[in-house]
Structure formats: C-alpha cells, structure tokens
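These notes concern the structure reproduced below.
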Amino acid sequence: MLDKYGIAKRIAKELKDGFYVNLGIGIPTLVANYVPEDVEVILQSENGLLGIGPFPFEDDVDADLINAGKQTVTTTKGSSFFDSAMSFGMIRSQRVNLTVLGAMEVSQNGDIANWKIPGKMVKGMGGAMDLVASAENIIVAMMHSNKAGESKILKSCSLPLTGVACVKKVVTELAVLEIKDGKFHLIERAPGVSVEEIISKTEGELVVPDFVPEMEI
Amino acid sequence: MNKVVKNVEEALHGIEDNMTIMLGGFGLCGIPENSINGLIKKGVKNLTCISNNAGVDDFGIGLLLKTRQVKKMIASYVGENAEFERQLLSGELDVELIPQGTLATRCMATGYGMPAIYTPAGVGTEVAEGKETRIFDGKTYLMEMAFKSDFAIVKAWKGDTHGNLIFRATSRNFNPLMAMAGKITIVEVEELVPAGDLDPDMIHTPGIYVNRIFQGKDYEKRIEQITITQK
Amino acid sequence: MLDKYGIAKRIAKELKDGFYVNLGIGIPTLVANYVPEDVEVILQSENGLLGIGPFPFEDDVDADLINAGKQTVTTTKGSSFFDSAMSFGMIRSQRVNLTVLGAMEVSQNGDIANWKIPGKMVKGMGGAMDLVASAENIIVAMMHSNKAGESKILKSCSLPLTGVACVKKVVTELAVLEIKDGKFHLIERAPGVSVEEIISKTEGELVVPDFVPEMEI
Amino acid sequence: MNKVVKNVEEALHGIEDNMTIMLGGFGLCGIPENSINGLIKKGVKNLTCISNNAGVDDFGIGLLLKTRQVKKMIASYVGENAEFERQLLSGELDVELIPQGTLATRCMATGYGMPAIYTPAGVGTEVAEGKETRIFDGKTYLMEMAFKSDFAIVKAWKGDTHGNLIFRATSRNFNPLMAMAGKITIVEVEELVPAGDLDPDMIHTPGIYVNRIFQGKDYEKRIEQITITQK
C-alpha cells in the first residue's frame, strides 16, 4: 500500500520530457518532488506562472509570488508570468500536456467530483472545472476509499460533478486504474496489495487482466 | 490626460450601495488593500463583489464580509474563510461560484468588447444549469456572458499618470483583466511615476482602460501560506 | 470652400480634452496637426500603439515603429504598445472616444462605404469595419462629390458597405453635416459656400435650417 | 525544453503543399523575413496564407505570390501590391478579406481555446454573408470562428531557448496572436538568448505556445513609407 508520497512517486513516472504540467493542490503538488532525472517538465500554475520553482528560502519569500495553492514559490530559468485569462487560454487550447488533480469521487466513465459537498462544504471549483474540461490527459491522485471505508471509485458519482468523462487514469494507495470504454481497468497494483483487495474496494466496474503487475516506484 | 487622484476617498467617489464591483487579486496576492479599507470606511452596502476569492477572515474581502457590506459574492474559490462559510450556510450571503477560467475570460470579454464567450468549463455540471450549450467540432461548450460592473478596482505594481500599468509576478492574476472590464476603473499602485517613465513595450495595461489612479500606502501584502525551503 | 487641410482643421475642433482618437489614413491623419492648444488627445493606431507622436527626424526612423498607414512615426510620453487583438479590444469596448475616417460614399442613415469598388479596386477593409461597427462617435472626412461631379452624400450607398447606420457627422470641403433620424442635417457651411451649392451637391435628403452659420476654422 | 533549431530549413520542416500557414506582421513591419525566404527556397505550393497584409511586390509575402506558391490569401488589407491585384482580378488567387480586428481576434480565440467569438465588425456588409448573427443587448454581432492552421510563423525581437518571446514596438502586431494559434509555431528572432535571460514579468508570449525557435539573420526590415520631420 502506498502513502501519499508513493502515489506522487508513481504519478511522476507518467511525466515525459518536455511536458507542461499542471499539478493540483495536495498530493498532486508532491509529484514535483519526484520528477525523473532525465526528464524536464515545466510546471504551470493557473494563477499565472509557467516554471514553478521550489519553495523559497526564508529570506526570499515574496508575497507577490505564489502558486495556485497560495503557497510561496520561486521561479525557474525560463519562467514567465501572465494574467489568468492567458493562463486558462493555455489550458483550454491544450498546451498543458498533463493535469494531475485530487478527487472526492471518480466514476467508471471518467466523471470527477471534487468541489462541493451539498449542505456541508462549499469551497468552490477554482480552476478545476476548466482543467478537467480542457486537458487531454488527466490523472487523478486520490484515496481508494473514504474514512468510512466506502469506495470512492464508483459506478457513478454521488457528489456534484466537476467534469464529465474526462479522467484518463487514477492512482490510489492501492492501484493504478485506467478508464476506458466506460470501465476501470486495473493495470498495476501497489506493492503488497492483492488484486482481491482492490476488487473489494472498487465499487465501479473493474476489468482485471490475468496478470496484474506490481507497480515499480 | 492626468488620471491621478489624490487619495483613496477621491478614487472611490461615486461608488454607491447596491453596485457591482470587481476586485483584483488571487487569494491575498495583488489585492487592492487601500481600496478595500476605503470601502469599509465609506460604508457602502449591499455590494455585489466579483473577485476570484473572498479573502480570509481578517484580511482582504473578508473584511468587507465582516462588516456585512457584501450582498452577493461572485467567485471561483472561497475556502479558508469561516465567516464567509457561516454567512453562506445561513443564507445571509448570496454566492455564485464560477470556474476560475470562466471568471477570467468573462472579464477579458468585457474589456475586448465581446458580449459572450464559449468555454468547455462546467459542461455537464451544475454550472451549466440554465445556460446555453453549443457543440463545435464535436465538443460541447457553454456560452458565458461578459461581465457588467459599475467599478473595477485593481492593484498594480507600477503605474504612470496616464494610467499605464505594470504588474509584478503572480500579483498580476486578475488585475489586468478587471482593469479592462470596469465601467469605471480605479487603480492603486505601489509606485506612481510620471508618464514617460515606463517602457512602452513593457506595459501590461494601457492607460486607455484606466479612469483613476492613486499612490497606495502601507501595504501589508499578507501571505496566506508561507512555505519555505530550509537552508 | 475648404481644402483638405481645412477639413482637417474643422474636424480638429471636435476633439475634447482627454479623448482617445483613432485617425484613418488620408485627411483624417492631418487632424493631428490641428489639435487645439488647450486640448490633450491621445492617438490610437490600430496596429498596436497608443500615443502616436510626430514623424521621426531622419536619423530616428525605426522600421519597427509605424502607424496603421504604415508610415514611420514616434511615440509620446505615456505611449504603450500592444498586440492587435487588444488594440481592437479597446475599439470594440468603446474606449476610443472618436474615430475619424475617409469614405467613398455616405448615406443619410449613416451607412458608409470605403473599402471596395467591385471589379475595379479591392484593397480590403483593414480595421475600418471594426472601427465603424464599434465607435460611438464617428466623423467622416470626405469630398462632397466625386471627380465626375456626382454627389457622394447619398440617399443610399451604391458601393459595398463598410458599416451600417454608424456615421454621426460628415465634414466635406463644403459643409458640416450631422446625420440623425435618417437624414442629413446641414449645420455649418464652409467659408464662401452658399447653402444653395450644398443643396445642389447633396443627393441624400438634407434638412436645412433657416440660418446656417459659416464655420469658424 | 530546448526548442532551438539550428536554421530556417530545420524550422520549416514538415510544411507541405496545400497547408494553411499563418504569417505574423503588419505591412512589412515584424514579418518573418527568414522564413518567407525559406518557404521560397523550399518551394512548397498551394499554400493558404493567413496574414494581415500581402507584402509588396518585391518583399514580404509579395515574394511568395510572385513564385505562385499561394493558392489562397486570407487578409484584411492588400493594397500596395500590383502582382496581388493582377492575380486576384485574373482569378489565379483566391482571396478572403476579413476585418482586421476579426483577423486578430480569431487568432487569439485559437490560442485561448475559444471555438468562436462574437464581433460587430462587418454586420450588414458582405462580410456577414452566410454567417450567423446574434443580438446581445440590442446590438447585432457576427459569430466568427477560431482559425485552424497547420503552422504559424512569427518574428520576435528577442526569444529564449524555452520559446519565451518579447516583441518590439509596433512589430508586435499579429505576432503574439499567431504564435498562440499555430498547430505548430515557428519563431525567428533577432536575438536568441539562454532561458533565464528574459525578465519573466516582461514576456509577451510564454514559451508553452512555441514549438521551434531560431536565430534569424540578415534582417532587411524594409520600411513601406518613410515619413520624416525635417529638422
């Protein structure tokens, strides 16, 4: 079973050299720490920055320089700043090659819910609806089940949707799932996790091949 | 062509109860601090505020919520604000949440004289309810309308007496977009310079979009989440 | 009767302090030479410049700095450069207070034709269609008649239109005409020009008040 | 992330007969001189060219017309070009004239992922023929579609190895818009610098929109109309 760092590590393996990548808040942000050495990616922050660098040293903290999670960051060589309309222009015109974001629920046709729990929590969708509606390549980083032990990998989402039929891949603490033809496809299992456990914790329709490799991270 | 006003009071002249006001910034980054404080002092009520976020409890637009000057908030993300959540759940505050890119682009549409735009954001979600959809090249888009607002209030890094503006780092965010979208655009700047001091190639917002500009003061520039790398 | 400089001088009297103004090619460009002393205007060039300055001295000619007529120009204090989308954004959102342009024909409901003579001349509309469709305040600078002596101030245009019901005022070598309620209204006559001459050279419906002042230029 | 190609031949790789190509510039100002010469050398034919103007008889896109490499020209203004007029009137050249602001905004729409825009330009004229109109707030607009092109070729003043671009004065014009609109975007620059040399606040076109960049040479920068003030 993976912890959140493991999930981030596994997702980092999806990065290809030259990719422009948008990483959402939470586990997705951690992906930046595991970019393979032979791969150069440029991170996009939808508030208006291409080329997010590491967190600043204490003396270099700059209130004018934050990422979409409102954390202080730095720039890298070749960074650029732009307004939010251009930022989402890049996203809508699919110049961003990969989007990684968290989710509360994902369904077998690729729907995603991550912005609202009616009557309980309304934080807003921020840029998530734009990202999922536009990106060609969307990976969701999430836990397989909620705290009550109920699967979040569903036949259909119960929460208000963020986007429809958009998620391509899901990486959880248990498995890597691909979504196609309206089904989840189990393509890798986390170290030490059995196929049976994954099946039992997946509510949505799951296609399981004869051999499910353990993921290498 | 001098657009300089002498202080925030003069800058905010004409803002009245029930008006719709755009406020630049993302989180607490690049928000018009002087003007927000000025609005509180002015005491105008029942405002509709268009801004990406609602500040935090004791800073930014959060201050205007505390004083109950805001009737309706149009934003994309309002987490990190307990008073906001309380007013929302109790029904005191009307809230319209819209995707961040839609928010940005609807501002730009106003400034570019485009009455409506098409975006895929929100298709198939509750954001699409009551909105016209249209398919282009097999993909479904929502038609979203340009914003109408009485005033736009933004913060720039540098500005000149003609209203030309330059923004710094990610404090640019929604500021140049809203600067183009106000019926009247008010700008506060960290540094006000004479016309001619800014490189014409490097101006983010041409002065034609700006009606009033003033030298801000006492910027706190609070940071929502200080994250650092240990040396 | 006015020459082209006189027409430009008369139009310059329409400028108000603080106006952003777009001047078309030809006579309109000359208006810049007659801005009243107590009036400051900023000239917009639709290729991407606010604050057009005078022609450069020979040594300062810069191939990268031209106006919409492709003439070398300079900047003024407070100038800014921008791309053509933003330039027409300003125009469409009516931040440009006054547009002055030439015409081949104008009709009594404010239609204008100035970009094409079928089978003979096709130069294109450039930015004229955007300008006339957007500007609230459009003044046309033109000659009252063509070289064959035929009126260009018409009931309806015979040439392909540039814009519909958009022209507010026409200044010719003979007169200043206002367009409203689907008619031309004679509001000033050029020095030494009789009302009768203006009537005889105007094909469109012309409202003539009892007293028509001679223009002061 | 290095997008530098070593010369114009490599930059133009993949451009084939019958493709649609955008070319930046306004008049002769800010045109991609090296690439235009490269296209002539390459000899690709039946091109559809989207560019605000068609150059003059012996410079700019005029050169491509002379060699009969252009099948169709999409532009806003094509005066000052006798060969163009001849080919147009003789029917050898297909021409679509569209308003300049529409041309610019259709490029931007592509780069911003907006399939269509609304503009009042051309309403009631032959430009509106066959196009959908729509009334917003009592004003009529045309729906105009985002451009599709195989390649966009633009000229910048400075560019870095990541493809970030800065334009100079009015040579900016259509260049940043077309840079966003190509399926593949090729840029030639007067000065190519390492990533990190350009101020991130002052970049007009972020590198994400650029696929290939190269150091141009021997710029003539011809001026269409030299107008001067006598000392």
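By letter and in written order, the chains are A, B, C and D; residue numbering begins at 1 in each of them.
Definition applied: a contact is a pair of C-beta atoms (placed from the backbone, for glycine too) under 8 Å apart; a residue touches a chain by one contact, two chains touch by 3 or more.
Bear in mind the structure is a predicted one, so any value in this text is a computation, not a measurement.
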| item | value |
| --- | --- |
| Interchain contact steps from chain A to chain C (minimum; 1 if touching) | 2 |
| From chain B, the most remote chain by mean C-alpha position | C |
| Chain pair with the higher count of C-beta pairs in contact (C-D, A-D) | C-D |
| Centre-to-centre distance between chain D and chain A (centres being mean Cα positions), rounded to whole Å | 37 |
| CA centroid of chain B to CA centroid of chain D, Å | 33 |
| Intercentroid distance (Cα basis), chain B paired with chain A, Å | 28 |
| Where chain A touches two or more other chains, by residue | 75, 81-82, 85, 88-89, 91-92, 134 |
| Two or more partner chains touched - positions in chain D | 105, 112-114, 119-120, 167-169, 172, 200-201 |
| In contact (per the touch rule at the top): chain pairs | A-B, A-D, B-C, B-D, C-D |
| Of chain A, residues touching chain B in the complex | 45-49, 54-58, 61-67, 69-73, 75, 81-85, 87-89, 91-92, 111, 122-130, 133-134, 160-165 |
| Interfacial residue positions of chain D with respect to chain B in the complex | 105, 112-120, 136-137, 139, 141, 145, 166-169, 172, 200-202 |
| Residue ranges of chain B in contact with chain C within the complex | 1, 110-114, 160-162, 164, 180, 194-196, 200-201, 203, 206-209 |
| Touch list for chain A against partner chain D, complex | 18, 20, 40, 42, 44, 50-51, 75, 77-82, 85-86, 88-96, 134 |
| Chain B - residues contacting chain A, complex | 26-30, 52, 75-80, 85, 88, 95, 97, 99-105, 107-108, 119-127, 157, 167-177, 204, 221-229, 231 |
